[in-house]
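Chain naming follows the written order as A, B, C and D, and within any one chain the residues start at number 1.
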Amino acid sequence: MGHVLAVVIDGIIYSSWLFIIAVGLTLIYGVMKILNLAHGSFYALGAYAAASLVGRWLSAGRAPFGSYAMLILAAILVGLVVGPLIERGLLRFMYGKDEIVLVLVTYAVFLILEDAIKLVWGVDAYFVSEPYGLLGSLSIAGLTYPVYSAALVVVSLLVGAAFALALKRTRQGKLLTAVIQDREISAAMGIDVRRVYLVTFTLGTMLAATGGALTAPTVSVVPGMGVEVIVLAFAVVVIGGLGSFAGAALGSLIVGMVRSAAVHYLPAVELFSVYAVMAVVLIARPKGLFRALEARKI
Amino acid sequence: MAAAILETRGLSKTFGAVAAASNITIEIAEDTVVGLIGGNGAGKTTFINLVTGYLKPTSGSIRYRGRDITRLAPRQVTRLGICRSFQIPQVFDTLTAYENLLVGTGIVDSKDAAEAAETILARFGLAPFRDAVAGVLPEGVRKLLDIAMALVVKPRLLLLDEPTSGVSAGEKFAIMDLVLQAVRAAAVTVLFVEHDMEIVRRHAQRVLAFYDGRIIADGRSEAVFADADVRRLVVGEQPC
Amino acid sequence: MRAPDRTEKIALLGLFALLAGGAFLPQWALFLVTLALAKGLVVLSLLLLMRTGLVSFGHGLYYCLGAYAAGMVGQLLHVGDAAVMLLVALAVSCAVALIVGLLLASYRGIFFAMLSLAFSMILYGLLVKSAALGSTDGFNITVTAAAGASLSSASRRYLLFALSASFAAMAAVGMHRFLGSHLGRLAPAVRDNELRVEYLGASVRRVVYLNTIIAAALTGLAGALTALVVGHIDPEMAYWTTSGEFVFVAILSGTASVLAPFLGSLLFELLRSFAYQYSPNTWQMVVGAAMLLVIMFLPTGLWAVFGRRGKRVA
Amino acid sequence: MARPIPLFEGLAILAIASAAGAQQPAGAEVKPVKIGIVTFLSGAAAGPFGVPARNGAELLVEAINAGSLPPPYATKGFGGAPLSLAFIDEAGGTTKQVSEYRDLVQRQNVDVVVGYISSGDCLAVAPVAEELKKLTVLFDCGSPRIFEDASYQYVFRTDAHAAMDSVGAALYVTELKPGLKKIAGINQNYAWGQDSWNDFESAIKALKPAVETTTSQMPKLLSGQYGAEISALLSGDPDVVHSSFWDGDLEAFVLQAAPRGVFAKSTVILTAGETAMARLGAQIPDGTVIGARGPHGVYAPDNQLNRWLRKAFFDRYGVAATYPAYHMAQALLGLKTAYEKAGSGAGQEKVIAALEGSSFETPSGTIRMALAKGHQAIEETVYGTTKTVKGQVTVVNVKRYPAEVVNPPEGMKTQDWIKASLKRTK
């Protein structure tokens, strides 16, 4: 049945989009134990930066294909500027505080960035749809899909593969894994936790911004676009298990598929399908799908 | 010999391929003081964890005063009259020493809780630290507080997990004397894990030697310390 | 009955001062204080949870439930009596907490927070879908009577204010006594060391469950009060940002005293009101910055400024 | 992409606001009229609705104070009394809005409140206005419930309620596609989206009972990703797709749906499409049916007031005036008319009496306060179809529906009216 195929394709596209955002969130939580509410703002910043850069690129009359480079550049810029600024300028004074207090710190950052974005870009929508249409479209199961969506899936797979490889194969990745698993021991082993934090937060910010930058051509960039994304990404990482990369992948897939199925078969429940899944998963597996219960030494 | 307060039969616990306790069958008589010795990982703490319900045995049974308590939770075991102290003190860090005890006495008997807490505070010599927050107390005091809390619930069987670890060598004897004095005043059966053989010799009427999850010797302390296996495997003497 | 201690005396004096002063407050201020007191009840319930080591990002669930329970009494049964509305709200939020609490009782830390959030968002989704209840627009509630006696519009304002003030004082004194009781003392014990609590023979689950229900009851009551005061309810009350704001005010207040939530709540309402008025375009930034300043410089909450003992007051 | 930097814009507005406040001469004989304006200044609704409305208010109040409006409004102030403004952000939910409303009335002592884009806020604020006995003009919110579930003495609404848009939409598409068989909808999952769809669906079914609904999609507000929804729309093969999306969501939907052929396959009707026309421009495929919630923006009649507003707004803000600005103008001009009819220095009660059941000229034509005992306005509604001419999007096949045709008669609830009488009124 073509319908089922459509559900799966829509689900995969949505999952890919979610994964790019959620993986940054889970990375930051895994390493720094910060559930970063400002992640949504970084996503929005990525989108705004992408809209501005692509807009300039195109209005300067340059080759339209260069706009893809602008999207990536926007994400990198936001990551490199905002990540270190917030980690060095604010978060480092907060380490050691309670997890919940840290959530509130990032909530404050989120509030401030919301208004800051408004001051810089105004409340009007921006949009740069050129990169979306440029790649053309293809037809699957009688439905038309833009190639851009397929590209999004590829990017998401690349991000996932890069993470899997980096964590397993590279020295830096192994250090990161060590910090995720045991912060104290890794500090005792002489790992420069300070540097790891800075790199992690920058990378996480960059990933959120990538999500935003890649989304920018498909939407209009408006104030408040980050709010919905945060809770959605939260749901994904909580379902998958906080701090787990495989969990972020599986969580994205589950949320994407459930949402797609809801839209096609039962549009009335779409609004809370994600939360229902989250509640069910948490009740069945209290720490999410990919997180073992830690034994306590007494 | 008095009736057995604790009885285990074929008690085993495995974690994957590792046997933390294998086939432990013992009887502990009421109103005795028993020392548990053995190297690290020999199974002493596992034994305490099994008896107090923190771990569920893979096989075997535990009876307390004739009643099967094999799969009960720590809370239920505690309510029956078995309590324990911990290697790492488990106290309420943000509460004062007095409040720590008050939490316990409040659970047991809400009417005379305050009085009971003061009594125990005094008996353990903790009165000077009454209003200090537990999180900032010196380790030796925390250790005492931890043991005092085990006594708050008026147990008939008390299991002490390394009561003198983390305490300076000079203080060890004093602490152990204080503890046993306080405990014996309440006519409690005591099992204690201890590395210091001097302390074991001095206080234990009976000694159980653990090695590799098994009990390799059981008897009066002189006899156990004379055992060749114990000397080699537990006390750590090299055969000459 | 033992004699009231210092906290209880302040609470009672505060109540009398409020009841007397309320008659002279201008209307806008009366409304603001009423709202702050009602919301203070929610923050007080979070204080209880925080003392137990728990933070809920889904307290909007009970806040909204209480409000809708009160609203539906008016809408469906056409009863405009404040007493009936509050009682029904209390009953409904307790009943839901009895079930949800069972599920939540074994969760801690961020997972408790997130599962609570999931439940509140499910309620939000259900309400948004309920066209009969006005979807996101919600509906209006009118109080016409209190415990049988009918009310004029002016006396209604003062009555709701007096109700909120009395509930606040009663809840503060009640909570203070509860926290000082043997049962209440288990809250910080659970937060500090669950293992030891179990080895003292008490059930951690039961403590968490009980405290969740008490917190839900207070929050449901506060939701109903807010509904009566504002005169309008909508699903936004269950949205996660509402819950997040309560947590923020709880952190702002600190957990040192049962009076802190009301003070924190009042200060927050004032801060927001002024930020709205003087900086309508950047009020979020003002609130966010205030939040960071408090977390940085007053890590134990605003009460640290007032508390005689900086560290911890039992 | 060039647009004014809002920071400076904001500062400029503040400066104007304070200038307006300072303008009153010391010891003047007429007391100034202080107006509290509540619109979205933050959040998603700020860009498309809140800020154009605020700009409209600024522009009009300045012109009114200067007496530079075209006739019949060429006199200064409200009967000579200068106006000053106090702005409040509508964001933050109803609880906050009720609180802010009280603050506006009792602390800032405004003489009249003009505001509220969200129907939830309108519903919440109306009873408070009654309690505080303060003249309050709702200028933009859409829900018919406000005056159908209650009656108010101090509350007015100077724009028509939203059922008009859905009924007009149903009339337009049934005329456009007489062979209509299948419809589908994609609307935001909140009161506005739900009401819009329900009214549209029942209007269509009243007009053409055989029409079948293939799917009604209700994505979350601001969800931004409509891939699955678009697939669901496409696979039902509907003749008409109805959407009351606005701003960000609307633009995202158009951007995502156009390349996937939704607009080619079905006739898409965007009931609030006008706010996005200027920005989306040629991105909106030809043949899309566009509404403006009344005779506003591109559909505004060619009268002197409209020519003034269009030019002054564009000159000042660099963008075309959209319907929220028109709605704001309706509210302020209605008030000016009532104040002047009541006479200089008249009390609030007289102003209310003058406003009740009045009619007045606006850039959107004549507004009549015909419903809810003279408290609810009716206006005509207009739909048209897009056609790109030389890269500029224009509307063709424009049809105007008189106010009486698309609004229920006095005393009848919208839902009953649509179900029972729509067929006959046609």
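One rule holds for everything that comes next: a contact is a pair of C-beta atoms (placed from the backbone, for glycine too) under 8 Å apart; a residue touches a chain by one contact, two chains touch by 3 or more.
Predicted, not measured: the structure shown is a model, and the values here were computed from it.
Q: With centres defined by CA atoms only, which chain is the most remote from chain A?
A: Farthest from chain A by mean C-alpha position: B.
Q: Taking contacts as defined above, which has more of them, C-D or B-C?
A: If we tally the contacting C-beta pairs, C-D comes out ahead.
Q: Calculate how many whole Å lie between the centre of chain A and the centre of chain B, each centre taken as the average of the chain's C-alpha atoms.
A: The mean C-alpha positions of chain A and chain B differ by 50 Å.
Q: When the C-alpha atoms of chain A and chain D are each averaged to a single point, how far apart are the two points in Å?
A: Centre separation, chain A to chain D: 36 Å.
Q: Can you compute the centre-to-centre distance for chain B and chain C, using the mean CA position of each chain? Integer Å is fine.
A: Computed from C-alpha means, the inter-chain centre distance equals 44 Å.
Q: Of all the residues in chain C, which ones touch at least 2 other chains?
A: 128-129, 195, 281, 283-284 - these are the residues of chain C that touch more than one other chain.
Q: Give the residues of chain B that touch two or more other chains, as numbers and ranges in rising order.
A: Residue numbers touching two or more other chains: 90.
Q: Hey, what residues on chain D touch two or more of the other chains?
A: Answer for chain D, listing residues that touch two or more other chains: 41-42, 189.
Q: For a test of understanding, state which residues of chain A touch chain C in their complex under the given definition.
A: 35, 90, 93-94, 97, 99-101, 103-105, 107-112, 114-116, 118-119, 227, 231, 234-235, 238, 242, 268-269, 271-272, 275-276, 278-279, 282-283, 286-287, 296, 298
Q: Which positions of chain A touch chain D when the two form their complex?
A: 2-3, 6-7, 9-11, 13-14, 17, 52, 55-56, 59, 114-115, 118-119, 121-127, 129, 132-133, 137, 142-146, 149, 215, 217-225, 227-228, 259-260, 263-264, 267-268, 270-271
Q: Quick check on the complex: what are the chain D residues that touch chain C?
A: 10, 41-42, 87-89, 92-96, 98-100, 102-103, 105-108, 118-120, 123-124, 126-128, 131-132, 143, 145, 149-150, 189-192, 194-195, 198
Q: List the residues on chain C that touch chain B in their complex, please.
A: Where chain C meets chain B, its residues are 182-183, 185-186, 188-189, 191-193, 195-203, 311-312, 314.
Q: In their shared complex, at which residues does chain D touch chain A?
A: The touching residues are 1, 3-7, 9, 41-44, 46-48, 50-51, 189, 215-225, 227-229, 231-232, 234-235, 247-248, 251-252, 255-256, 259-261, 279-280, 283, 319.
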